[in-house]
Every structure is written in C-alpha cells, then in structure tokens.
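For reference, chains read A, B, C and D in written order, and residue numbers begin at 1 within each chain.
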Amino acid sequence: MLNGEKHIPRPLRWAMIGGGRLSQVGYKHRSGALRDNTAYQMVASAFDIDATRGREFGVNLGLAPERCYDHYQQLLEEEAKRDDGVEVVSIATPNGTHYEITKAALNAGIHVICEKPLFFTSAEAQEIKALAEAKKLIVGVTYGFSGHPLLMQMRAMIANGEIGEVRMVELQYTHGFSANDSADKFSEAQKWRVDPKIAGPSFVLGDISTHTFYISQLVLPQLKVKSLLCDRQSFIPSRAPLEDNAMVLMHYDNGAVGRMWASSINAGSMDSQSIRIIGSRASLEWSDYNPGELKYEVQGQPNQLMHHGMPYLHESALADERLGALHTEGLAESWANIYLKFAIAISATQRGDQHTLDNLIYPDINAGLEGVRWIENCVRSADNGATWVNYQ
Amino acid sequence: MLNGEKHIPRPLRWAMIGGGRLSQVGYKHRSGALRDNTAYQMVASAFDIDATRGREFGVNLGLAPERCYDHYQQLLEEEAKRDDGVEVVSIATPNGTHYEITKAALNAGIHVICEKPLFFTSAEAQEIKALAEAKKLIVGVTYGFSGHPLLMQMRAMIANGEIGEVRMVELQYTHGFSANDSADKFSEAQKWRVDPKIAGPSFVLGDISTHTFYISQLVLPQLKVKSLLCDRQSFIPSRAPLEDNAMVLMHYDNGAVGRMWASSINAGSMDSQSIRIIGSRASLEWSDYNPGELKYEVQGQPNQLMHHGMPYLHESALADERLGALHTEGLAESWANIYLKFAIAISATQRGDQHTLDNLIYPDINAGLEGVRWIENCVRSADNGATWVNYQ
Amino acid sequence: MLNGEKHIPRPLRWAMIGGGRLSQVGYKHRSGALRDNTAYQMVASAFDIDATRGREFGVNLGLAPERCYDHYQQLLEEEAKRDDGVEVVSIATPNGTHYEITKAALNAGIHVICEKPLFFTSAEAQEIKALAEAKKLIVGVTYGFSGHPLLMQMRAMIANGEIGEVRMVELQYTHGFSANDSADKFSEAQKWRVDPKIAGPSFVLGDISTHTFYISQLVLPQLKVKSLLCDRQSFIPSRAPLEDNAMVLMHYDNGAVGRMWASSINAGSMDSQSIRIIGSRASLEWSDYNPGELKYEVQGQPNQLMHHGMPYLHESALADERLGALHTEGLAESWANIYLKFAIAISATQRGDQHTLDNLIYPDINAGLEGVRWIENCVRSADNGATWVNYQ
Amino acid sequence: MLNGEKHIPRPLRWAMIGGGRLSQVGYKHRSGALRDNTAYQMVASAFDIDATRGREFGVNLGLAPERCYDHYQQLLEEEAKRDDGVEVVSIATPNGTHYEITKAALNAGIHVICEKPLFFTSAEAQEIKALAEAKKLIVGVTYGFSGHPLLMQMRAMIANGEIGEVRMVELQYTHGFSANDSADKFSEAQKWRVDPKIAGPSFVLGDISTHTFYISQLVLPQLKVKSLLCDRQSFIPSRAPLEDNAMVLMHYDNGAVGRMWASSINAGSMDSQSIRIIGSRASLEWSDYNPGELKYEVQGQPNQLMHHGMPYLHESALADERLGALHTEGLAESWANIYLKFAIAISATQRGDQHTLDNLIYPDINAGLEGVRWIENCVRSADNGATWVNYQ
C-alpha cells in the first residue's frame, strides 16, 4: 500500500508545458505528480499560449514568477542555465505540438511525460524512441486510467490462467459530449480536437480509444493484434474526415478476436470506458466508472465481484492501493500511480538502476508508439473502405 | 392493462408440435398461449419424437389421450377429420423441420406459430409467405422477448422524435453456456443446434441474434439495413462451420450504423440481451435482464430510468401491461403478449376483420422472413472473409 | 423444474370471491391458479360488489353465466347443490370481509385461499384455524412474493450454516404511491385501505409488511421474535390512526436483532421489498425487484451473485424453477408456485396423504395467523408510545 | 471548479500529530491537506507513539528530521520557539487523546483539525468551543466524507423545495470488517477502538455513524432531532459495553422521523454509507460507494440519476468539483475539499475576514460537538434499555 513515503531518493524537479487554467487535464497531471510531494516538486511552467494568463496561473499555484515562462522554448533555454533546472517536463498541449516539444526537451537532456496520442505518426514515434534511448531519457505517456490497481489484478489473473485461454477482447470508450457541434465552435478544449492540423489523423480514436487500447495491452501483454477493420463516421459533417464514432474489429495472433467502440456521440452515456476479457472458462470485466470493482465471472458458478484493497487480491494489485477497502478511489489515484512509476523510472535511469527499469510496468515510449500505430492502422482501414488490414 | 378478459369471441383450438418434456422452450409456448384461457385452448399435440413419452406428457397436461398423436402428420390428418379439430398449431421442433411442418399445416388449412429461425433460406420463407397469403392463414414467429411492454415504449419515443435522429444501433445477445463442448455431446437440446443439417447455416446467429434483430426492427420500423459485415468464429472447432461467436457491423439506409454481437462463449455472462438506440439528442437502452426498466439518457440532463406500468408511459406500452408497477414482469408475460396478438390476428383473419390486422404489431411471416434474411446476409459476409455485403 | 405437468390427480374446481375487473391483485390469483391448467379449473365466481359488472367479467373470462354469482353467499349456496360444485375458493375482497367469508366457506366444506392480512385479530385466526382443522380443510394465504425459488435457496443456505450464526434480519417493504392523498379520495383500491373499519388496525403494516415478515419466517424457520418496538406515522393526517409509515425494531430469541421498514410514502422508490440476513460469517440479500438474483456476501471474499435456474443452487430452489437460467422470472411465477402448493395440500388432504402435508412448505393458516400477530404486536407497541412489547 | 489555484494568500504551516506509518487515515489527512500545495505545507510532525518510527516516516515524507518530534508536547513547545512555527495541527490519534491535545494546541495558539469523534463528552466539547472562541482559533473536524460535491447538491435541492417537505431521514454506515474478533486481538488500529478507555463510550456509533449523522446535518441544516431511541449490541461479547451494531430511531422537530444503522458486523457488505432523504414529493439518495452519483426520485416520474460535474447541478455543487464529468472522483477529493475549507477558515480568521467565515460551510467545532452529543444521546438511550430519550 502506498502512503506517500518516498520511493526515490529525492523529488524530481518538474515543469508543465500546457495544461493551464482552461485545461481540465492539466489539473490531473498536477494531482498525479504532486500527490505526495516525494516524487516531484513543480519548479517551472509554460502553462498557456496566453503567456500572461499562464504566468498568473503559475504564481497562483506557488511557482516563482521568473520560472513561469512564456513558451516552452524559453523554458528549456532558461532552465538549462540553472543548476537546479528542471529534470522532467510534462506536455499537456494539443496533439500537434507533442512531437516538436518532446524532441526539444529530449535534446535539452530532459525526461518527458507526454499526453496521448503521443504523435501523429509511428515514424515520429520511432524517431523519438531512438532519440530517447540515445539520450538515456524516459518518455512516459499519460494513459491516465491505466494506474487503477485492479488492472494489475486483471493482468495477474489472466497470466495465472484464471480465465483459461483468451478468446475475445471487448473494448469500449464512449461518451455523448460531442453529440452536437456546439462545443466544436465555442470550447477551446474541443475546437482543436476536430481540426486535423492540430488533432492529427483522428478524433475519438486518438482522443479516447488509445486509453482503452493501452489498457488491453497492459492486461494482455502476450497478445498481439494481427489484423483489424475500422469503420468510422462523422455524424457532425463538419468534423470530417475526423471521426466522432468508430467501430473496430480485431483478430489477434492466438486466434482471439476483439472489438473496440469509440464514440463521442453516444448521447447521454456517462459510464464511458470498459474492458471485458473473455476466456475459455471465465471472463473479467472492469469499467473506469467504478474503478474499484472487478467482475470475475466463471461459467457455471455464481458471479464474483472483487473490490480494491481487499486481502484476496494479488500482490501487484495491492501494491498500488492508496485508500484501502471501503474507501472509494478515483481517477486521481490512477494518475498518481502512473506518475509515481514515471518518477521511479526516471530516478532509476539517473542512477543506472537497470534492475528496477526491467521490472517496472508503466506506459512508456513503446506504449506511446503502440497507440500511434493503433490509430494509423484504424485510419488506414477506415480510409480503405472499412476493410481488413494487416496490423503493421 | 390486460387482466385475462377475452379479446376474441372464443378461444382457438390449439395444438403443439414438439416442445415436449425435455424442451425448455415448450413450456414458454404453453405459458404464453394458455395464460388466460381466453385466447387458446390446448386440444391436441405431437409433443415428442418419442411418441410414448409425448403421449404421456400430453395426458399429464390434461389432453385427451386420443389427441396426443405420434407425429405431426398424424395430427394434421386426424384433426382434419374432426368438427372441433385444431385451428392453429405451434411448432417447437428443431429448425430443420420448420419448413415442412409449416407447409403441411398451411396446406391443411391450419394457422401456424413457429419457432425462430423460421426456415433455412429466404426462398423457403418467400414460398411459405405466398402460401399463407393464398390460404389466408397467419404465420406467427415466436420472437419470445419481443412482447415486453417497454419495447413499445421505445418504439413510440423514437417515432415521436424523443431521441432525435437515429445514429447508432447497438445490439447484443450473448451468454456463456456453450463456452465448452460438454453440452454439445450430452444435451439433446444442444446437439442439434451445432449440427448444420438440423440447425441450418448458423448457430448463434440464428439461435439468439434473430431475437435481437427483430427487436431492433420492432422499435425502428423506419430503418433498413443497407449493407453489413459479419465476422464469425467457432471457438469449439467441432462446431465449424457453425459459429459460436459472431460480430456484425451494419450500415443503415439513413446513414446510421449498427453493431450486433452474438455469442454462446461469453463465459460467465448472465445478462444476455440488450439494445441501445443512440439518437442525436438522447439514447434509449433496454435489456431483457431487467425487462421492466428502460433507460432514457438525454445528453446534458440527468439520466432517466423508466419503469413498466407507470402512468407516464405511452399508451401502447401500458396496453400490454399485466401486473402493474412495482410487480416484476418476466419473460412469461412477454410470451403471453405475443401469443395474444397471434390469437387476435388469427381470429381477425377468420372473421375477415382487416382493420384489426392492419393495426396489429406482432412478429408475423415478414418478421420471420427478415430473420432468415439476416442470417443469410451474415453468413454470406462471413463466408466471404468477413467482408461487406449489400443487404439483400 | 416445473413444466406444467400435473402434480395432483385432477384439477381442483375453483372459484374467486372478489378480485374482479377493477382489482389488480385478482389477475395475480388467476395467473397463479391457472398457470398450467393442471392444478385448478375456474368454474364459478362472485367477482364484484357490482354484481352485473362481476357477471360480465366472469363471462369474459370464460365462466358459464349461471355460475357468476351476485355475492359469495349465493355462490356457496348454489355450488353446494351441484355434484361438480367448487372445492376451493380464493378470497380477494377487502380485509374486513375475510373472516366472515372464510368461515362461511369452511362451514360449507370448501377449502380457502385468502388474501393477507388474513383477519383483524389473532383470536379470529385461532378460531378459524380450529374450524379448518375440525373440518379437515386447508386455508392458504397469498403471500404472493413467497414463491420465488431463490427464497428456498436462502432457507437452505441458512439451514446449512453457510452464513454462520444469524445476527441481524433487515427487512423492508416500501413504496411511494401514497406519498400524497389523491388516491385515498379517488381510487377504489386505495380508499378502503385507509379506512380502519375495512382495513383493520393498520395500513402499511398489514398491506405490505406482512409479505416481508412471512418471507423472513420462511427463510428463518428456527427464529422467533421475542420482543419488538414499533413507531408508526400518518404523514397524511386523514389516515390516522392508520399508518402510512412504520419503523420496527425486533429482538429474536437467539440474540439476533431485526428491523422492518414499511412505508407507502417513500417517494419515488421503485425497488420495494428486500430482505438481508446477516450471519457471523456471511450475509444473504434478496429483493423482489430482481427476484432471480441472490447476493451471497462472505466477509473477506469476493461478493457473489447467484442466479435462478443455475445448477449450483440447492435442489429445493431448482424444484420451483419454471423458465430456466437467463430467462427472467417475475411475480407471476411466484404466485403460480404458491398456488400449486395450495393445490397439492388440498389434494393431499382430500386423499388423506399426510406424508405430503408434513413435507410441504407453503403459507398456510399458521402463516396467516403469524401475520395477524405481527400486526397486533406492532400496533400494540405503537399505540403504547412506540415502546418495547413482548411478542405474544 | 477547483484546479489547485490558491484560495488563501499563502499556504499554512501545518503539522500532523498521529497518523503515521501504520495509520490508514493518516494518508487521507496528507492527501487532503497537500492536494494542491496552495493551502498547506507540511513542516513538522509527531507521527507515532514509536518516536523512531515516526521520525523515519516523517523524513521519508520530506520533513526536516529536526521537526519530526517525539511527541506532541515537544512539537508544541519547540515549534512555539520558531518564527516559522506551525500554525495548524491535525490530530489523528486514538479518540482518548483528542481532548488533551486539542486543548494544548489551542493554548499554544495553534488552530486544530481533529479526527472524529471529537471528544468523549459534550462538556469537553463545550469547554473547547469556548476556548477556541476566546483564542480566536478554528477547530475543524475531519468528517472526511462530507466534502463530496453532490452533498452540496442535496442541500441546495432540499432548500429549494425540490423534494417537498422532509418526512424521513434514512441513514446507514455499516461494514463487516469486525464480524469476527481477529482484528480486535491483532490489529493496532482495531484494538483501541474496542477499549472504552481509549475509544470512549461507543465503538461503531462514534467510529462511523458520526460521519453519516454529520452528513444528515449538512444536507438538512434546518432539522433538529427532538428525541431518539438507540438499541445497541455487542455480538462479539468481549467488546461489551461497546457496541458493534446499533439501530437508532429518531423524531425530528418538524414531525419527520429517521433511522440510523451503524454496524461493523454486516458481514460481506462493501457499500458502507448511504443517506436517503424522503420528502412529500420526491426523495434524494446518495452513497459514498458511488459518490459521483445522486438519485433524484420524484414520485410518479422516471427516476433520475445525476452525475457530478454536470452543468445542470447547482452552483454550490460545481464549486467543489475537481476532475469533471466522466472522471471518477473518490474519497481523496472529499478530504481535499474539507481541508481547503479549513484553510480558508483559518486564513480568514488570521485576516479577520468575518464575511468569509459567515458564509463558509464546513465541519467546525459545532459539528464536532453535535457528533459527541449524538453519541451521548444514543448511549444514554441504549443504556436505559433502548428507550426514547429527549435529545439534549
């Protein structure tokens, strides 16, 4: 169980790029990074495209005004001059800037934690992966739901054969907040998401389904997609070619099949993301709506409902527990868990602790790359008339 | 509200073919037909391939021994000789016999109520449809879940524009009772379902998804499938070419899209069938697990949960109510409702009451034909490598 | 599993007194009694205080007009003259008439099935019990929810020690349909329920909590209430002294405690009746809202959800199954189950089959008497300032 | 919406007394206080009765070793000598020490945030209240569940008449973690809870029901308990006279009634705390198991389910929102919200900002006092044979 005690020798000096006052996700980064003040200390920022608003915001969060920079280039430049300069930056800007900022940060010798989808193309991701390896720097990706402890329980139970052989993977991340186009016009947070120049080749596939796809990889590390078919729609025509709804079928290398449904037009739906893994003797199902519950359904037996924090869980699920049974954990705990793992990875890198790196499970550059590949394959299929494509 | 009072001048003389002691569905037919004793009276039977067992069973249900026949041909022949012979038969035999029995009954001037899937081919269904029309006889199809009153509520709300324009149709009928192959070997009820000679061209597509597909047509009478893609699997290899899992994508003529998932290998799942209709402003969702509940989710408003029997429902939903609010209705009420409508249709036909026939909504020969077409299109797609096919 | 086959040599000749066209519960009696046509045949009636309406109703249900009587006295008198006269009557009239009709029927040598609460006083119930014993006739009481199969599962699991020693009994039957007084004025079904002359000494205690109290006795036959305290309210003042809300505390003879909440002013609540039995190692919980589910919660283990019709259930729970797993059973199946047991008891009495009578579990005259005692004790406590009274 | 920006001029210098490595609640205090680093900075501690363990723990959390004190007296003494000494302490020690530590801290001029139940007697609470007023210091009480935003929604809806006149208050906080006595013997956290010398006059009434009672006062500020009756049990006899189960009935001054059930022997239950307020036209229901949901059930209308973060909520509910709709908030957000309000109150006190103090709703000394009175009245009733007592 986690209680805030340090897992690394000292907190890392951390800065945020993007994620300012108008950003909803920015607060999740800060809540995750600063949960215990033993993994990170926030020392600098370039929060906002409006530099004045960004500086005011940073000061209101307790930053020194002189370390609230106007833009990321200035941040990298000025912090490089300091002995106590930032060691790691989090990037919470619109998709279209991830690649250049990540590259610049790595080239400045700074570790990176970046929003999903990581980049526009897997070529970019491969390039950055090589750069990070050359520089011996970490790139973490904020698949922010993936830190829920019961996902480690799913992973352990599947690995232990508790559901038998995997047959089907049922994935869903849908909501209805873009059922009409009002936000497309008036919300800063939504406008760029439906603009291919800034969002990249997809809307909901990149914006939300990458989360669920990563979770499927987290709990099923042994399974690989072999081929897929994606059918995508733009129910609000002005969003085309970007999709507000997508339905994907998958074939895995072991003979299992899968489905993904990603949507922002699922009007009225409030239970957004779920994953069900069906095996030959049982199924496991989890939803981020009630992230502290895990359904374990053995064919022919009473259905079981597992709860976070209970002693019957696997060690790996209890390791990330924070509040304990009966006490509801939410999305903030999930973010805190992945941010802690980023810190452990960065610190291990700094200290050359390869053993720790080899045993740490977290959304790294490979997870980011896989997300980009997932989008690429989906878009390729969709743009080819919703036909089957080999996963590449 | 229904309370058992007669809707037709006198009960119809009814017989069952199949559905004997070992049949689970047979009891649903009897519970549906005989709910109020004002729509049908059971007067004869050919319950079983084991004639002795069938006769004993019929006698135990109160039939005269001499009207418990050895096989359906004998039933049709002998009853034809009586002044008080059967007017309508229900067919609850394995799929492969539906066509011949239905044809023989119609030719004997007897109305037919038949299990789904109706026949093996749409050509057979077209032929029988023509025969029934020529003979002025009814063919009803026991889509047994389709009589739940809240489905009429869905139909009315969609027609009234309460969800806006329809965008997506999400359908599911899955369970895990065939997750392994033990029943394939030992259960009489299961053996023939995985034998193409008796089951026809599909297993789960015909056995279960036809129910859900009909429900989608019931609530969305205005929408037509334009093209579909079906990917089917036989996780128990001995079932091939029949599928125990199928995933279908659909395109509708109005631009809406849809999905169907049919499975008998969804291990541990107990909430089998659900339908969600997503419109431009709201969604409606219903499941046969809690058939007295209907979710109405308007984007941007609190989610609503409607309950059967409540005065706020549409007249058409209250017309089929039997037990009243707070009192759980189950599958037997749904069967009773469709059986009552079959009786009203048959009686109207007998009396030449075209007005009643024109205004009655129930699973008729066209619904049966559509179910067969659904299977045919799915199988054609699946056998063509899970590719898109025009719906025909 | 039940499939309609006969459990007694021939159907009993049955009549209804009350429960006519305006009665919601009348249809439940008929649905229960006539489910399979192998336990009862309806041959006569005195359905309604409006004799013309009652006769028309009876004819519409298929009765011979001459056996649709004007009132119960006429029914008893005329049927006594027939060789094929009624053997058993069901009484679904307002409470205040139960005693006189039951007495008259028994004196006419006719078995009785009567609505709850059985009578106004336990003295009346004792008198009728003696009369029934003297006449060797059955008095069954329609605790209509008590036939759900999973209640037999609860009983078996508790008897087998699967929850440990019983510590607490948590009972609830509440709804909000009398939150205001409009029905008191305009609904025939509600008016008499708040009139002490017709309803007796209680409203919700008698009208609804007797159901739940009987269920607690069904699943906990070994436990006896030792003392109780009842606090009752009339939130609609015109209902006083009859309560529309009551809260009861109980002490059992083994040291266990209990609570009951009965209410008709629980505004907006639609999940009316539930029972939770807490033992030293586990709890069992059941609700009539989802009567096919049973929660089994062992402390320190994943919560379990059991489903009706599954092979893992106790034999006694499967014996009353009708539709099978995945197929929703509702209140009508529960009524059919208790009506079948009434028929088995009556037939066994007729045939002098004491063994069957000794092993049959159903709501008999003792269960009816206990319900009246429950109300008496509650009212005595409430009228004494909501103080503890010894249960007597 | 809260995003971490400062609400007070500078973070308060804060220390913890108790709540060290073995304490589960200690981490909740830290997660609450340090959520945003703009309300508090942790500068000192006396974490543990084992001083060495406590110091090591404090250092691991980032404290300076010299400010990790051996015991609270030392902390108060040494910090008083510093210009940058602590301004506010949180007390997370066993109940029996709350009074003396609070008194000492106030006398040292330090604001106090203290665990529930605040003290053993209301006389102590009255004394401390007078002392705090005299010293112009804040005493906050960590009713840690009371910061969930939807509780403010309940308060606003009730105040606006959206449920009509309040009739019944249904309260529950139960779990099964003390169903047996193993933890009584082996768990440090449990041992003292069943020892009257350290726990005070109650176990579950104080330990858990005070949370729910405070929530009832938060949402119903206008209602006062007039009289109550408490029946308590010690199912594990060694716990006597402290109860592991208690059932309370209440009468309110407006004629409403209420119930509370507190239990630690509700075997297997995982959905611990719930509150339902029943009005003359509608009910509101909330549970900490799904704290982002609020049920609004208007009699005669579809049931409504409200979700946190949605624009249709009242301003006061949105003011405390942190993560936004679709993103699960848990107990940590609730703690952060009340800790922020404590900080705002303390800062306002320091700055003499009476307007802020007058308009701030949070669990203050009066809320702590009411919790102690609640226990006193319950115990008085229980010890008097579970009889009605006037609330005093």
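We take it that contacts are C-beta pairs under 8 Å (C-beta built on N, C-alpha and C of every residue); 3 or more make two chains touch, one makes a residue touch a chain.
The structure presented is a predicted model; accordingly, all values stated were derived computationally and were not measured.
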item: Shared interface partners, meaning chains that touch chain A and chain B; value: C, D
item: A-C compared against C-D, more contacting pairs; value: C-D
item: Whole-Å separation of chain centres (CA-atom averages), chain A against chain D; value: 34
item: Interchain centroid distance [CA atoms averaged], chain A/chain C, Å; value: 56
item: Distance from chain D to chain C - Cα centre to Cα centre, in angstrom; value: 44
item: Where chain D touches two or more other chains, by residue; value: 177, 270, 296, 301, 303, 307
item: Residues of chain A touching chain D in the complex; value: 2-6, 11, 21, 24, 26-28, 30-31, 34-38, 42, 57, 60-62, 175, 177, 270, 272, 288-292, 307, 322-333
item: Interface residues, chain C side, partner chain A - complex; value: 296, 300-307, 310-312
item: Chain B to chain A touching residues, read off their complex; value: 163-164, 167-168, 170, 176-177, 179-180, 229, 231, 233, 235, 245, 247, 249, 257, 259, 261, 263, 265-270, 278-283, 296-299, 301, 303, 385-388
